[in-house]
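Written below as structure tokens is the structure these notes are about.
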Amino acid sequence: MHPLPFSLQLLNACAALLLLLSFAMLSQRRTVNLVNLLAVQGSLLVIATLIVAWRTGQPHLYVSALLTLALKVFALPMLLHRLIRRLNVWWDTEPVINPSGTMLIGLLVVVFSFGLAQPISAVADTAIRSTLGIAIAVILLSFLAMITRRKAMSQVVAFLSMENGLFFGAMSATYGMPMVVELGVALDVLVAMLVLGVFFFQIREQFDSLDLYHLESLKERD
Amino acid sequence: MELILLLGAPVIGALVLALRGDRSYGPEVNAGFSAVTFASACALAVRVVSYGPLLLYDEQFVIDAFNVFLVALTAFVGLTTALFSRPYMRVEVANGKLGPGRLRLYHSMYQLFTATMLLALTTNNLGLLWVAMEAATLSTVLLVTLYRTPASLEAGWKYFILCGVGIAQALFGTMLLYFAAEHALGSAGVTALLWTHLAAVKGQLEPTVVALAFVFLLVGYGTKVGLAPLHNWLPDAHAEGPTPISAVLSGLLLNVAIYAIVRCKILVEGSLGSALPSQMMMGFGLASMLLAAFFLWRQRDIKRLFAYSSIEHMGIVTFAFGMGGPIANFAALLHMTVHSLTKSAIFYAVGHAAQKSGSQLIENIRGLVTISPTIGWGLMLGSLAILGMPPFGVFASEFLVLTTAMKQQPWATPFLLLALGVAFAAIFGKVQPMVFGETTARRLPHPPALLPVFVHLGLVLVLGLWIPPYLAAWYHDAARLIGGP
Amino acid sequence: MTPLAATTQLLEIVGAALAAPAFLGWVNQCRAWLQNRRAPSLMQPYRGLRKLLNKDAILATNASPLFRAAPYVVFATMLVAAAIIPSMGTGLPMSTAADGIALVGLLATARVFLSLAAMDVGTAFGTLGARREMMVGFLAEPALLMVLFVAAMLSRTTSLPLIAETLAGQAPALYPSLAFTAVAFLLVMLAENARLPIDNPATHLELTMIHEAMILEYSARHLALMEWAAALKLFNYACIGFALFVPWGAGNEASGPIGLLLAVPLLAIKLAIAGAALALLEILSAKLRVFRAPEFLATAFLLAVLGLLVHLLLET
Amino acid sequence: MAVSFSSLQVCLALLAAWLVVGFAGLLRPRSIRFAGRTLFPLGALCGAALATVAGLSLGAAPESRVLELGLPGLPMHMRLDALSAVFLVLLGAASTAISVFSAGYFRKGEGTLPGLLCLEYHVFLAAMGFVLLADDAYSFMVAWESMALSSYFLVTTQHRIEEIRRAGFLYLLVAHVGALSILLGFGVLQGGSWQFTFDAMRAAHLDATWASIAFGLALFGFGAKAGLVPLHVWLPEAHPAAPSPVSALMSGVMLKTAVYGFLRVTFDLIGLQLWWWGLVALGVGLFTAFYGVIFAAVQTDMKRLLAWSSIENLGIAFAGIGLAIIFRGSGLGHLAVLALVATLYHCLNHAMMKSLLFLGTGSVLHATGERNLGRLGGLIHRMPWVAWMTLIGALAIAGLPPLNGFVSEWLLLQAFLFAGDVPHPFASMLLPAGAAIVALCAALAGYVMVKFYGVVFLGQPREASLSTARDAGFAERVGLGLLALGCVLLGLFPALIVPVLDGAVAGLLHVPTSRWGGPWWLLAPERARHATYGPPALCLLLVVAVVLSIYGLRLVYHRTVRRGPAWDCGHARSDARMQDTAEGFGQPIRHMFEPFFEMTRKLPSPSDPTPTYAVTVGDRAWKLLYLPIATAVHAVANAVAWLQQGRISTYLMYSFATLILLLAFVL
């Protein structure tokens, strides 16, 4: 078989890096680094988008790349850094499951998501179908991260990386969603971040920390 | 035209109230905007009933039998809740639970919430549907945490995270649908997310992809419906927010989420042609009913009690939609209507009851009939209605669901019987001492607004004895639209 | 109704009313003889009645009208019962009005009124007697009913004269079911008529007495009626026994007046034998404790039901 | 010009009138006089009219009509056929008397406001009427549950008392579960034709399995309302809790709607009847009857005693139905008719006598404020009217000729006599035992009634306070009198009533009606060979005999009657405490049927200076059935609660697991 065009190789490389990043986030315990990793993820996303845009020459992809750049590379990480500084939550406590165990589960999740992607990419005629599996993997991995985290902040970061995974999946499978939807999604993410900001401060002033074990009083088990 | 008014009124209302919501006339303004919304909804309904389904604004909006009655219902309950929240919020302010700022927030977010629900109901674009659902979550999160108590913050956080994650799954599902649609329609771009187009080509959608998509959509929107085991945010959020919000969350938001699921189910079933979606929905429905019934058994907080009862009833609706077929769908639609009317009425009564006895704990609420018969009877009749006692409308739908299940899914009937029986024992056993017996309640600074309670209960009563023909026609059309095995 | 039937009917009622005390006397006589005592004369019960009828009646201060009415009701029921039991003849017009089941009902009515009257004055003995009487009754009544059921199933009818006729008409065959029920009937008869081993008609010991305890408060004419009714009851039971188990010889339309005339002495003979047998049974058996009475009657009840099953098993 | 209404229209109008009367109560909710002097008499008038109309319609052909109410595609169908008419007569007649009684009964300050009470009362009546007229599953269920609901509110009239609330809760819970099972039964019956009208169900053909399931569900559902063991527990709680007229209505009429529904479903809606169903119903019915009567015998609360006796009577009724099913299932239609006639007659009787007794207890309760048999006695002197009326009821329910209770017993035993004709040897072996149990229950009922009447009305008053008791007022007397009259008439003229019932039942079973022979005074059922019963004649004989004995004595006896203290076997002093108590009177039964009772005895120690002895008799059903269920539910609830730990990671894990599982399921 003839080798893939360079652009596609580049894209696959991005995909691989994304996967790597999400593993890193899974293991990372320093909140600042988490945010940085998120920013890197965002920039990889931008690159991937640009590649696809250049290959397919769809104008609206450039716009969405711009949007991503603004939102996920600059706005959100800055906001998060600000919050970290203001609420000085630099470290996450010991995760629910120890990192090695998490890694193992993560591995299984990756296998599962590749298996999941098979039937879909089988019908995909887009040139970049192989990346869909990675998108799903990123989504599920960040889900896993959310489960294992104990600090509100790191949970939120994981949540955002899940958004990234979704975005990447959308782009790799279908060259991105229609414009109106992308705008809406972006708006929602932004608002969500703002709400989160408010939240953090409220939680802070109530419990003067962002540990999630403060938030375990409403339950049925007694 | 009506549509613009329908969606515009609440948005403008949100802006206005964000600035002036804390004035003495704020609640009235709030109610006023809701009234406008309701009026336009009625106009829209009339138009659809007379001219049939509408596609508006280059097909971005669809109004058909299925969603128009939900729109009307949403607007109506929105209005009555606004009326109810007038005295309720005044009392809260008088009790010093709220400041002007939060009152502004409350009123504007209330309107915004209405707007997002109406958007979610009317839009034809699955992407926009998703956006609207997410927006609905966001607009209510801050309302759940309105009191800033630790419990309310916790509830808000769980609500935010769980629903956020769930909704993310739904987005992925939407994306997969889009992906499948592109292959079916061959055309990229906006039209591939328009429900009408998808419905047109649902036969050709790639089954495996669609099946996967449905799983993501079901888990995603199912989280917002509160299907067990995705329901964990629901009792907290419903119990900790202000009662009017509990009323609309229980009465309306759940309906909207169900609506989203059913819209997707129509497509998926069309493409799969298998009973897979039905089985999943029936499974979720039964699980929710049973779990909720047993959770009901050990509730101490009156609002949590009725929150769980909402889960149970959503389970019934999901089960009914899962069974499919004209009668089950009809029953499910009817059940959505009567449930939202009854449940909101109950929450109105509960709100005042809790204010009167200064506590949400069931053991602190006693003998309501003796101090204020209206609240007492409202709560009693409401609970009996929600428990499926004739001649209230809830019974009508449960009648159809049970009889249908007995013939189509006999294996499920023991579970239904168990769930309904346990739920009855649990709820009634807790409500009776609250209503009867020696009293502990006290007077309120503002006279409670119980008109909404009895208006709702009256409507439910009427629906139990006589369903007006045009309403029945709606239901039938919608049921036909939803189809099923 | 034919004149013969009318006469039979009249004869039965009057005969029963008059002969009943004599039968009681006869039983007592036999018992005395069997116990090697000098026996009271056959007329003794009549003398007792006359004596009572010549005394002033004393009513307890808080006795209600029910108390006064009861003796008449009890006596009347017994009289009517006598009217529908084919003792001398089977052509009884009145028996169309009440069949076997109704007969049991009549006896129950008598029992209930007796007990209510006993409770009316509100003495310790009265209520005690009433309770024991009802205890005996609620087991004896269904047993008697089952006995009648067997006969009714054998003869496909519940009207007593017809039962007697059919049973008499059939070739004398051995009916095992009838054997069972005969024993059951005997037990019921002993219990219902306050005879040993259930009750001792001769004592006023509170531990033993049932029937006597109930009529303690009665005096003079009321007491006379009660005693008379008791004698009638015994007589009736005897006649029921004859009708079911030795139905032969009762007169009917076919046999005409002669048959009726023959039936009278025949009945006398039957009564004589039955009375002697009853006395023999009584002296052979000892008084049971009241707690044991239910077991005794339960046996009767079970025997009767057993007879019914045997009938369905073997004879259909 | 003359306008003619069909009887069905008139019946519906009368039910509507009841509703109107009820809502009129809200006009002046606090006025006893308005409710008592105006509304309840009006309700009584409606009841009388209803009874008359239904009675007149008995001969006529069934007529049905469709109301513009109900679900779309399922308007409310109403139908008036002979069976409904019979029960409507029952409802109308009993409710007339009870309403008249209620007019004088309710007093100030008894919990619910009189106006509201009036509303609930008449809604209750109307709901029962609609149950009898409903001709489709939906309207039947609506009426059925409305009946339960309104009666629940009536039971909890004095909602301040804890155990009354408990009783109400238990009652509504059992009623609701029963209703759900009836509902499922209809779900089976409509047999795939999405028509819930009874006509469609008649048309639908079920195979044996589904038919049996439907029968089972109906037996469970209607049994819960009729108080069949072990679903009877609500009954002895709810009846004492309710005001006496309500107890009378519930016991006298509402329980009969269960019989009606069971008949309707079993013989009318289910196409086929299998004979072994009959064995089931017969067995349950007989066990219920026996269980009920022995528990009645050991009660110490007069209304509880009557409630248990109601359980017994409903058990007898279901036994009769079971017998009918056995006959029907073995192709002996004519005998089935005999058994069913007996059952219906028993229902009519029970409606009369049990209402009479409950109303009697109501008057006693108002006069003395006592329900405990241990504190009553000697009331025949204080309240003669109530006492004599109640005596009639007591004798009737004890099944003594020539009153009405005996007639149904007679008919039922006549039906049992044909056990030999049943082709299934097993059944024909069991039936005689059944007859024996019926006889035993009848005899025990006599025991119970002697205890009830003797302890309440006879003997010496056990409390000094009883001397102030006053006889019932005018309205109450009239109500009692009407019911007593009903008992006597039903007892004396079965020959006039039974053929009508025969017509109704024969129509139900599609069996040719038969002559019930004899002149007006003689009951000579053709279906039962050579068996005749002429209550008027019998009664005449008794009267003549009494009169003769009185005057006969007058001839030979000239002495006077003196009053004196009780002799009491020469005991020096005997006071009221020496009389047998209710517990004492129940002692032999406790002794004999010990295994059935959950007894807790409190025995004094020999050294106790003030010894006290107490024995309480409990129902084993609680320990054997209900407590285990409750504990099981509780355990499950606790286990389920473990799921909700309050930790958000756990919740996320649930979502994650669900997602993965479903995806794996799809792949």
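The first chain written gets the first letter, and so on, giving A, B, C and D; residue counts start at 1 in each chain.
Note that a residue touches a chain if its C-beta (ideal position, glycine included) is under 8 Å from a C-beta of that chain, and two chains touch if they have at least 3 such contacts.
What you are looking at is a predicted structure, and each value in this text was computed from that prediction instead of being measured.
Engineer: Give me the chains shared as neighbours by subunit A and subunit D.
Structural biologist: Chains in contact with subunit A as well as subunit D: B.
Engineer: Would you mind checking which chain's mean C-alpha position lies nearest the centre of all protein C-alpha atoms?
Structural biologist: It is chain D that sits nearest the middle.
Engineer: Ranking chain pairs by how many C-beta pairs touch, which one is first?
Structural biologist: C-D
Engineer: Just the number, please: Cα centre separation of subunit B and subunit D in whole Å.
Structural biologist: Centre-to-centre distance between subunit B and subunit D: 44 Å.
Engineer: Let me have the rounded angstrom distance from the C-alpha centre of subunit B over to the C-alpha centre of subunit C, please.
Structural biologist: Subunit B and subunit C have C-alpha centres separated by 78 Å.
Engineer: Between subunit C and subunit D, what distance separates the C-alpha centroids? Give it in angstrom.
Structural biologist: 35
Engineer: Based only on mean CA positions, could you tell me how far subunit A sits from subunit C in angstrom?
Structural biologist: Measuring from centre to centre gives 101 Å for this pair.
Engineer: Mark out which residues of subunit C touch at least two other chains, giving numbers and ranges.
Structural biologist: In subunit C, nothing touches at least two other chains.
Engineer: Provide the list of subunit B residues touching at least two other chains, using ranges where the numbers run on.
Structural biologist: Residues 157-158, 161, 165, 208, 212, 295, 298 of subunit B touch two or more partner chains.
Engineer: Specify, in ascending order, the residues of subunit A that touch 2 or more different other chains.
Structural biologist: Within subunit A, the residues that touch at least two other chains are 116, 119, 143, 146, 155, 215-218, 220.
Engineer: Determine which chains touch and list them pairwise.
Structural biologist: A-B, A-D, B-D, C-D
Engineer: Over in the complex, which subunit A residues touch subunit D? Could you list them?
Structural biologist: Residues 96, 112, 115-116, 119, 140, 143-144, 146-150, 155, 212-213, 215-222 of subunit A touch subunit D in their complex.
Engineer: In the complex, go through subunit B and note every residue touching subunit A.
Structural biologist: Touch list, subunit B to subunit A: 125, 127-128, 130-131, 134-135, 138, 141-142, 145, 148, 150-151, 153-158, 160-161, 164-165, 168, 171-172, 175-176, 178-179, 182-183, 188-190, 192-193, 206, 208-209, 212, 235-236, 239-240, 295, 298.
Engineer: Mind pulling up the subunit D residues that touch subunit B in the complex?
Structural biologist: Touching subunit B from subunit D are residues 68-73, 137-138, 141-146, 149, 156, 159-160, 162, 165, 168-169, 172-173, 176-177, 180-181, 183-184, 186-188, 190-192, 194, 196, 633-634, 636-638, 640-641, 643-644, 648, 651-652, 654-655, 658-659, 662-663, 666.
Engineer: So in the complex, the part of subunit D that touches subunit A is made up of which residues?
Structural biologist: 640-649, 652-653, 655-656, 659-660, 663-664, 667
Engineer: Using the touch definition up top, name the residues of subunit C that touch subunit D in the complex.
Structural biologist: Answer in residue numbers: 53-62, 64, 66, 72-73, 75-77, 79-80, 83, 94, 96-99, 101-102, 105-106, 108-109, 111-112, 115-116, 119-128, 130-132, 134-135, 137-139, 141-142, 145-146, 149, 152-153, 156-159, 162, 204, 206, 216-217, 220-221, 225, 291, 294, 301, 304-305, 308-309, 312-313, 316.
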